[in-house]
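Presented sequentially are two complexes of chain A, the first with chain B as partner and the second with chain C.
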Partner chain A sequence: MKSVTKYLGNIFQYYIVRRFLFFVLIIWLASTTIFLIPRLSGQDPVKEKLLLEAQRGGHMQAGLEEMAKAYQKKFGLDKPLYVQYVNYMKDLVRFDFGPSIAYFPKSVNSLIGDSVIWTLGLLSVVTFLAFFLGTLAGALLGWPRSPGFLQYVFMPILTLAAIPYYLLALVLIYIFAFNLEWFPLFGGYAVANLPEWSFTFAIEVIHHAILPGASIVLASLGFWALGMRGMMITTQGEDFMIQAEAKGLKGIRMFFNYAVRNAILPQTTALALSLGTVFTGSVLVEVIFRYPGLGNTLYQAIRLNDFFVIRGLIFIVIVSLGLATFLIDIAYPLLDPRVSYKKG
Partner chain B sequence: MTSSSFKGLRVKDLQVYYDTPEGVVKAVDGISFSLPQGKRLALVGESGSGKSTLSMALMRLTRAPGRIAGGNIFLDEDDILDLDVEEMRLARLSKISLVPQGAMNSLNPVLRIKDQILDGLFDHQVFGSKKITKDEQLSKVNELLSAVELLPSVADMYPHELSGGMKQRVAIAIATSMDPKVIVADEPTSALDVVVQRTVMQTLGRLQEGLEASIVLVGHDMGLVAQFADFVGVMYAGRMVELGPVNSVFEKPLHPYTRLLIRSLPTLENKEDFVGIPGLPPPLLNLPPGCTFCTRFGRENKNTPPWKEISKDHWISECEVCSDIGK
Partner chain C sequence: MTSSVYQEISLKERSKKRLFNFLRYVRRNPSLGVGISLLLALLLFVVIGYAVYETERFRPLKAGTDLAPFEYDSKKGKNGYPLGTDRQGRDVMAVMIVGVPLTIQIGLIAGIIGIAVGTILAFVAAYFGGWVDNIIRTVVDVGLTIPGILILILIAVNLQSGLSVVQMGLAVSAVAWVWPARTIRSQVLVMREQLYVEIARLSGTGATSIMFKEMLPNLAPYIGASFVGSVASAILASVGLEALGLGPFDSPTLGMTIYWNIQFSSILHGMWWWFGPPILVLAMIFVGLFLITAGLDEWSNPRLRKRV
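For the complex of A and B:
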């Protein structure tokens, strides 16, 4: 018995190790690509930034070259490519993305650090909520024994899926913030307050999060519901559903343990992928609501041509996507016994 | 009605229709038979003759576009077509159960075998309202598994870890888990190899005998049918054309279709020149009344042949126009 568990343990570890190596490989390939592409493009973010400043502030064109050189040295861009690459990789491993160009002495890390909690908080909750509600709605819609009125309740909500979430956000702002004044127009918390850990502040944060959250939930509900409904209908046709009925199972058991349990498998893969894009998935909503999250930071960085911030954010997206796939790879055999830790 | 104390399965003038856009398909068109408790009836007939439609209707599992258009299905005294939905649910597994087709994926791929055996029992309150321990549940599972000659270790496995024969044994264990009165088995051994087929059928037969259940077996393999069944019902184009004790039907087939069917069986002697049945069965869509077998041979009998008991328990649908074919 002991040797059996040990054997299984080995296989288990083997699978996880392989998945992990795969994860590392993806991150490495992606970060190398981020390193190479700007260099292939031949553009120089520092110089461009300075040029922009010069045009704005009327700096002398003459001193620019020297200034650029100075910055290049500071950012290590004057060294040979392979040295840059090694340094870049060293920094990445330490999660050090260097200084911001736009807000120079400030580091990319602190810029990202300030905003990451907002996005993570809002979007992870919202993504799970949309997944849960949408999947449930889709399961009920795809179940022939559901009461008929559900069609009339859910179908209008599902049509919201056809509306882009940023348009939905504008409509929600107009109705609930501008006209009804139930919710604030923008921000992650009231401007007068400073972030702190207190109950009233938490309530305030939630109050601010409802409209941006709702626009994302409403817009993505349909995606989850339609996918789930389709899978439920496919599952109805499976032989084991007929057999479940022939066994005289209760409706509720057939619904959860037989239909939903099988139909949800593809949904979970999609969930992992959408969790991977949590950080930058809803840039426009954050911009519209001026939400102090990563999406907003990315938007500002693009606007200000802040190359290192953009690079840091892209790296975060890649790591989180990779991590999400890695986690789903590990969790999936628990959901679907046909996918075992031995193979694949 | 016949004797009201009849024990077993009694089907009377059963009609199952499919409503298709092109018209009504009468897949089961007025079938009647009685199967006493503990006896085995085998249904044979060409593909599309309505065997599966009939067996699903016996479970009252006919799905749209199909519907049970008329008739009765008596289990002992009660017509299961009169039961309400919840009563019918409770009747399934406990009074009438289904052994699925061997080629099907009838087990839930994400549940362990033991859970798929137990959930039916839970939903029929087999263990009553009292809380029973995991050990008691497992011992029930093991008892059912060993009855179908499977090892206790199968309980913790998933369907994809089992061979086709093992899966069918699990299906038989489930179908017999509540001592039903009738077992419906639609080609339970299709897609299994011949050796496994025989052992699985033996297991099914042994359990059915132990439970004194009646069994309705749909089978393609006439040899298997002849060995296994007490009665054989021959179906043709949605109707029963002949029904009788196996020996009587095989030795003295009365309906021309049965004669041709038996003659088309490959034997050691005639395996060289394989004789099929000439022509094709009529399309069941908007089928006109009359003898459907006559039309296959270019003859015509506008009257639907009567269902007659020629000798004891031996029935045929008797048509004078085509009765000479295959003599």
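For the complex of A and C:
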């Protein structure tokens, strides 16, 4: 008995190690790509931005000299490529992305830190809701005994899966915020208030988050429903379903413990892969609602040509996505005991 | 000589029969029919628009600004424009007529390159196996985890000069091959084990001949579905980039129209005639492509046909 658990433990570790190596590979390939793209294009966005500002003699003339020096010293652009690469990697490991160009001397990290909580809060709630509701809808659609009218109720929602979040956001903001005035037009909280830990403020935040959240949930429900419906249909002919039926189990038990239990497995894998889509899709939703999250920060950075912020933000997002994928991957054997027996 | 003539006739007959079968099948598969009709309706709109409408008015300042549909244009002394004008004096109708084909062009360029590269990689991976397969599969898995649009944003930010429509398509194709490579590879792996491929192999057919003559025709519906899907995701990516302000500023693509809408807060000004049309047209494109993909999937995978 002891040897069995030890054996299982080894394989389990093996699986985790494999997934961890994959996680490291993602980070390495992503950071190398981020390093190479500016150098392949032959243009230097930071230098150009500095030149542009110097020509304009703009509001940040004062910090300009200092910034140019810091920039030269930090990146050692006169040094050979591999030295730059090693320096760059050292900075990434320490999560040091340098100063923002537009808001010098504010650091990229503090800019990201201000907005990350909004995106994290909105997206985690929204993703969970969409996954839960969509999977349930799909399970009902793929279950032969569910009433026929469900098909007609859910069909329009499935079609919404094809429409990007932000198109829906534009429609919702026009109907519910501009015309009906049920919800605020923009922002994460009312302009007059400052963020604080209080009940009224929490209500206000939720009130502001409903429209952006709803556009993401509505547009991604169909994706989960479609996947789940397909899996439910394929479980229909399986031996364990026939056996459950032969045993005379109740419909609801067959539905949850037999059909859904098996059909939900590929949905979790899809969850790991969909996180990236959810984030990139939400960027423009945040822009449209001027929601104070990462997407809006990215948009502002693109507008202001703030290259360090863009780079740091993209890197942090990729690391978070990789980490989330890794966590879902290592949780997967808990859901599906068969995986831990197989290698990889 | 005779055999080639015979073959020609039979091929012609067969393709005729295939077309007939296909049309009959569309009646049973409504999503394919609806999807194709949505795109045909857009095509019709563009063709008629180019034929009868003054499309040059897609440029800024060709019309009065902020005019509602059919509102009198005092500057030009004209009796209005069917979809009104935007804040910079573009005729929204003309923008739609010119913009739809541009956006679809970006999707087609990226989709064709993506599907070609993806299919080749899928066959190479599945055929050679071993470390070649391992490398391709790992790169594809990494590519699926990293959202392509983030890499596209970096590329676009570094190309300060701004992208043209064709360059936009090429840039998007850099990330468009990942998903086709993955799905087609798994199909090739399944197909490789099938009996008829085995028989072809045993009877001494060469590898390339097996790939092109035995496997490729049977994979056609999968490749078709995955092509339509990659055109859709390429359009999605390009519209996203454009809406973020990284698109071709001198072209009135649908994504740029969304960008101008966000820039000038058309919603807060209640200019529904400005943001409505691009939303409607984009929804038609995405839903059309989505329904065609679903229809082709159903065609190639009869197991899905059981229920709607």
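Descriptive notes on the structure:
We take it that the second predicted complex is superposed on the first by the 294 of 344 C-alpha atoms of A that agree within 3 Å, B and C clash if a C-alpha of one lies under 4 Å from a C-alpha of the other, contacts with A are read in each partner's own complex, and residues count from 1 in each chain.
Going forward, contacts are C-beta pairs under 8 Å (C-beta built on N, C-alpha and C of every residue); 3 or more make two chains touch, one makes a residue touch a chain.
Since this is a predicted model, take the numbers as computed values, not measurements.
Superposition model on chain A: chain B and chain C are shown accommodated side by side without a clash.
When the two structures are aligned on the shared chain, A:Thr325 is found in touch with chain C, with no touch to chain B. In the superposition on chain A, A:Ile157 contacts neither chain B nor chain C. In the superposed pair of complexes, A:Asp239 makes contact with chain B only, with no contact to chain C.
By the touch criterion stated above, A:Ile117 is placed in contact with neither chain B nor chain C.
In the superposed model, A:Pro337 lies in contact with chain B only, and not with chain C. When both complexes are overlaid on chain A, the residue A:Gly248 reaches chain B alone and has no touch with chain C. Legend: residue contacts after superposition of the two complexes on their common chain; A:Asn257 is shown touching chain B, with no touch to chain C. Taking chain A as the reference, the larger set of touched residues comes from C, when chain B and chain C are compared.
Note on the superposed arrangement: chain B and chain C approach each other to a least C-alpha distance of 11 Å. Once the two complexes are overlaid on chain A, none of the chain A residues touched by chain B in the first is touched by chain C in the second. Residues 22, 25-26, 29-30, 33-34, 37-38, 41, 43, 45, 48, 141-142, 151, 155, 159, 161-164, 166-167, 170-171, 173-174, 178, 185, 229-230, 233-234, 273, 276-277, 279-280, 283-284, 287-288, 298-299, 302-303, 305, 307, 310-311, 314, 317-318, 321-322, 325 of chain A are the ones touching chain C in the complex. Listed in rising order, the residues of chain C touching chain A in the complex are 138-139, 141-142, 144-147, 149-151, 153-155, 157-160, 232, 236, 239-240, 243-246, 258, 261-262, 267-268, 270, 272, 275, 279, 282-283, 286-287, 289-291, 303-304, 306-308. The touching residues of chain A, counted against chain B in their complex, run 238-240, 242-250, 253, 257-258, 261-262, 265, 335-338. By the touch rule above, chain B contacts chain A in their complex via residues 59, 61, 89-94, 97-98, 100-101, 104-111, 119-120, 123-124, 158, 160, 171, 174.
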